[in-house]
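One structure follows; several queries about it will come next.
As written, the chain order gives the labels A, B, C and D, with residue 1 at the start of each chain.
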Amino acid sequence: MIMFNCDYLEGAHEKILERLCETNMDQTPGYGVDEYCDRARALIREQVKDPDAYVQFLVGGTQTNMTVLAALMRHHEGVIAADTGHIAVHETGSIEATGHKVLTLPNKEGKISAKQVDDYVKAHNADEMKQHMVKPKVVFISYATEEGTLYSKAELKDLYKTCKKHNLYLYLDGARLGYGLMSEKSDLTMADIYKYTDVFYIGGTKVGALFGEAIVFHNHDLHDDFRYLMKQKGGLLAKGRLLGVQFEVLFEGKGKKCLYYQISEHADRLAIKLKEGIKALGYEMYQDSYTNQQFPILPDAVLGKLSKKYTYGYWCRVDEKHSAVRFCTSWATKEENVDQLLSDLKRWTK
Amino acid sequence: MIMFNCDYLEGAHEKILERLCETNMDQTPGYGVDEYCDRARALIREQVKDPDAYVQFLVGGTQTNMTVLAALMRHHEGVIAADTGHIAVHETGSIEATGHKVLTLPNKEGKISAKQVDDYVKAHNADEMKQHMVKPKVVFISYATEEGTLYSKAELKDLYKTCKKHNLYLYLDGARLGYGLMSEKSDLTMADIYKYTDVFYIGGTKVGALFGEAIVFHNHDLHDDFRYLMKQKGGLLAKGRLLGVQFEVLFEGKGKKCLYYQISEHADRLAIKLKEGIKALGYEMYQDSYTNQQFPILPDAVLGKLSKKYTYGYWCRVDEKHSAVRFCTSWATKEENVDQLLSDLKRWTK
Amino acid sequence: MIMFNCDYLEGAHEKILERLCETNMDQTPGYGVDEYCDRARALIREQVKDPDAYVQFLVGGTQTNMTVLAALMRHHEGVIAADTGHIAVHETGSIEATGHKVLTLPNKEGKISAKQVDDYVKAHNADEMKQHMVKPKVVFISYATEEGTLYSKAELKDLYKTCKKHNLYLYLDGARLGYGLMSEKSDLTMADIYKYTDVFYIGGTKVGALFGEAIVFHNHDLHDDFRYLMKQKGGLLAKGRLLGVQFEVLFEGKGKKCLYYQISEHADRLAIKLKEGIKALGYEMYQDSYTNQQFPILPDAVLGKLSKKYTYGYWCRVDEKHSAVRFCTSWATKEENVDQLLSDLKRWTK
Amino acid sequence: MIMFNCDYLEGAHEKILERLCETNMDQTPGYGVDEYCDRARALIREQVKDPDAYVQFLVGGTQTNMTVLAALMRHHEGVIAADTGHIAVHETGSIEATGHKVLTLPNKEGKISAKQVDDYVKAHNADEMKQHMVKPKVVFISYATEEGTLYSKAELKDLYKTCKKHNLYLYLDGARLGYGLMSEKSDLTMADIYKYTDVFYIGGTKVGALFGEAIVFHNHDLHDDFRYLMKQKGGLLAKGRLLGVQFEVLFEGKGKKCLYYQISEHADRLAIKLKEGIKALGYEMYQDSYTNQQFPILPDAVLGKLSKKYTYGYWCRVDEKHSAVRFCTSWATKEENVDQLLSDLKRWTK
């Protein structure tokens, strides 16, 4: 079976494993106050071009979202997200389990706009019954989005300005940040992301690490006591240095020379190759993605053959005979597997 | 600096790292439904001598405690624990953050007794104001305890019987299960632990793994939908196979021949060596521990010297000039370091 | 100012006040275990035609919804509601604050259908990622709905059957139950409501009482320990007899001869008079309601005049020059005020 | 049966009922923004001698405690209380149900001291594992305490100063505030309470009202959005004016001429009469209370007779043949009943 159903099918990039082996018997303090973590923090601060950026590490994305959002909200406050947002759909109500409502806005290509947020908050504030409704306090976006799409720099700036205007926080889920930033359609750098959000995270789990997400706070009012919350939400890893070691390997080197970007570029390139190949066969895409997730609309008959040899994510039914599916590439995807998939599709398409 | 302050100072046992390297580029489904996890489950079922034992894996202890306990209680129910219990003291209110009160009983050597539980529940049930108090539903114990002590088989059976009598669940935190079971004072096997609890976990983080805890349900009424809770609490590891691989390595082999037990025995042996050595110097122990944590009472003057060369855990002040401290050994402790520590102590004691 | 903006503008029906005065200096036990509460329970059991119905009293609707729903769900479960449902919109995230997600379905005239629920649950169960989503466990409906509409007996039975088929609970919010049941379009009795739900509540606050809601459990698996939850959620009224006294007055008498129904009929009759009068002036209704809330679409110019003399609820903008508004009648509405409103509207309409 | 078991046995003071009847058919806006509430707020502001005091009303004590404390704490913060504190014992874990741990300190006569708080917070801050423990943020005290005792002005000032020193909030539960303030041993006024706390509440339920507590914020950083929390926690009473009307009646008049103080004085006088009478019979008191709760130690044989004619609260066993019990007086207690009780006790004591 050749697997394309997600971007966490393999372990870690070999350089990460090597470093974990090399450092294995070093003795370090627990909970992320070791020197590996400190070096990784320094490297990330270089990436975001702010020596004061506050950086912590957690194990996974859902854990990160629920911990960061719990740190940002009082009991009566909620978080605005696209109705396709990961926290709204695929985290088993983890945000609600911390007591907060996810306030959904209809997505457009997986995104929400500054205008939508502005309208929502204005309507809330103008409503004489507003105290009977959850108060919006945070805006959650993803980059790349769950649909593989990207916010432009202008869109992100607009969202950030709107948040500041209404005293809201902007939080960006970067589970696929590398794949977003290295897309040919991206006009953002990590420093831009930092500048135009209050807090965001750099996804490691889907981008070369065994596991791990690096949370970066730009807004210094928000991270007081954050480590208490990390512990309370079950995320303060005993052997915290495992996270430091991994992020150190990912971000060693200058600017976009780092492993993190190189492996992201690889995944994006193969994703675009796949997309172009599928389009060349006459198929349409459900969503026009420029990142590592691709969503072709395929005949169910073709999918029947496909599923004997490949795994993919089922996205949704499009019509009686067609479905949208998801293929993911990643840092670990082999080009020969993409070629094989395209050649099989070509054969089955005739 | 030679570190003795906790039992998670190094990475993982080399055999675990080797296996992670060997399996690194295998493609597997995410979230712990892969074949590594399945094999690890089978090995654990052998250990507990029940082919129907329900096994899941999480990353760390606090996460495990809060997820299991959330699965066992309705909103108005609480969990009984010793006042020294980890959930009562050192998990930043993670249980309360899921809405449940920890109901503490005074510990005796880190333990609570069946009689204490029986009295507590009877008093609750007899109280005409009982609906104004949290209803006890689960009993939480640790093995080895936070104080390094052990429940005897008779004590555990009594607790379990008392729980069943009152329709309570018994949950055992096995963060240091290996160090408990391999103690010369232990009269329990893992199969006993399984038999006399409703659910327990096998600690990996402190016993040879990079991270990871294996949760084992004996009571089949309790694990329905447990994976929903794992996801909601942020614990469903994307690359779940990392947990399966590690526990597979730890439990390959028959009975107590497994790596898990061998490395635990190593830690216990060095701990006892340390204890005997310290006692031979004329010092008393704060708690008579037979597992990998040792709690000598030392003069502050000696500690002043000690802390320049060794790390240890500060436990509590005993009198004006003496403190109790904690030394931990682990699977990774080098005998030469124990010898060095004893020889330095001897020197500083004169 | 003549007020029509809601149905809780005045105190209580005079017969209730009289009884509160008569019984004022009686000494009774606290927390709703007094004889007034017991008599009220007996009267309600007659209404639902089941001597085993389990009845408790709380103070208000939001409190009731959050307490009942907390009793019905485990941590990973959620409640399905119409997107117009009170718990989804106007309770400041009280359900989420107890840890549970409200899963919204698009309403049709304020209602959701058995088919919608069936489709939703089937899709959930079929989804291979279902454990990443909140598990649906309860269906919440209102009678009358927040839009003034009514479920037919057939619709309610269908919903109940669908819930039972999928092992879900059906909960009915009866904040305006009297106004629903006494509508000329209702084909339900309170006994029907009881029969085709797992639990529902009889609203007192909006129907003649100073405050108070009577919760009626049909499903006997669900009310164990309910009084613990009442206390925990802040709802166990110290002078519980105040609730008993009020519901006793409301339900004394046989069948629909009770005060509860008589005063509900009064409100419905005036609401229909208002609706017919407004329609006769050529205006359309935003929602075709047969209960005590009426939603005419009026020109903003007319509303400008109206708001100087009357209060009403602003519902939503319909077009550039028209808005939908809400007028409520209640047990306390004076017919002369309805006549006055109609006559003013007629004058302003010319 | 003559009842002394609590201080909420009857309805409301007749003047309150009269006013509720007089105002019953007035139309007012809901949710406590009516003119009755505004007038009551103004009267309370006079009592605390600050025209800027922020005042809101809720229905009961548990609801008030959980709502205020939820407003004061972030997710990882906890509230310090005496181990006899109402929130620690008799609110069914309502604080934990909002996610916060109650951190208990051993009480002395129902009280905690500034020194205890200071020591606790210092120890927390000095602990290298502090992020593994709940962060103390609020101190909860009661006046009068659950044991009938009183903080002196010096003790209260000390607590407040200690809280300010450590950036903690001081919250005072005034369920029995009137009975506390009117005690012959009290050296505090309501203005003092206001001055030396961040927020407190004036209990109505136990002091003459049908129900109701008035929350008074001195610290203006804390009440932002408080009404959102009132709604979320189920406490925003639809007919909010019922609370306003009652507190208006209680606090009309100047200084201690108000009904609130007069009826409190009555209860305290009868409690002291009861205490002195019981002591004159040779019995000891379990707690030396100067407020409306009295805790004599009586022989079980006497209690056997007593319980056929009187209700009382069972407090605790003192020795094999004696128990401590609680008698409460209130605004509604008849002097003849106290006399009767004393005369019966005298008879049974011989």
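The working rule: a residue touches a chain if its C-beta (ideal position, glycine included) is under 8 Å from a C-beta of that chain, and two chains touch if they have at least 3 such contacts.
Model, not experiment: these values are computed from the prediction.
If you compare A-B with A-C, the chain pair joined by more contacting C-beta pairs is A-B. Greatest Cα centroid separation from chain D: this falls to A. Separation between the centroids of chain A and chain C, computed from CA atoms only, is 42 Å. Between the CA-based centres of chain B and chain C the separation comes to 50 Å, rounded to the whole angstrom. Taking each chain's centre as the mean of its C-alpha atoms, chain A lies 34 Å from chain B.
Shared interface positions of chain D, i.e. residues touching 2 or more other chains, are given as 75-76, 91-93, 97-99, 131-132, 134, 228-229, 231-232, 236.
Residues 31, 70-71, 74-76, 98-99, 131-132, 134-135, 225, 227-232, 236 of chain B touch chain C in their complex. Interface of chain D with chain C (complex): residues 1-3, 5-6, 8-12, 14, 17, 20-21, 23-30, 59-64, 66-67, 91-94, 97-98, 205-206, 210-211, 228-229, 231-239, 242, 311, 332.
Remark: chain D residues 75-76, 78, 89-93, 96-102, 128-129, 131-134, 314 touch chain B in the complex.
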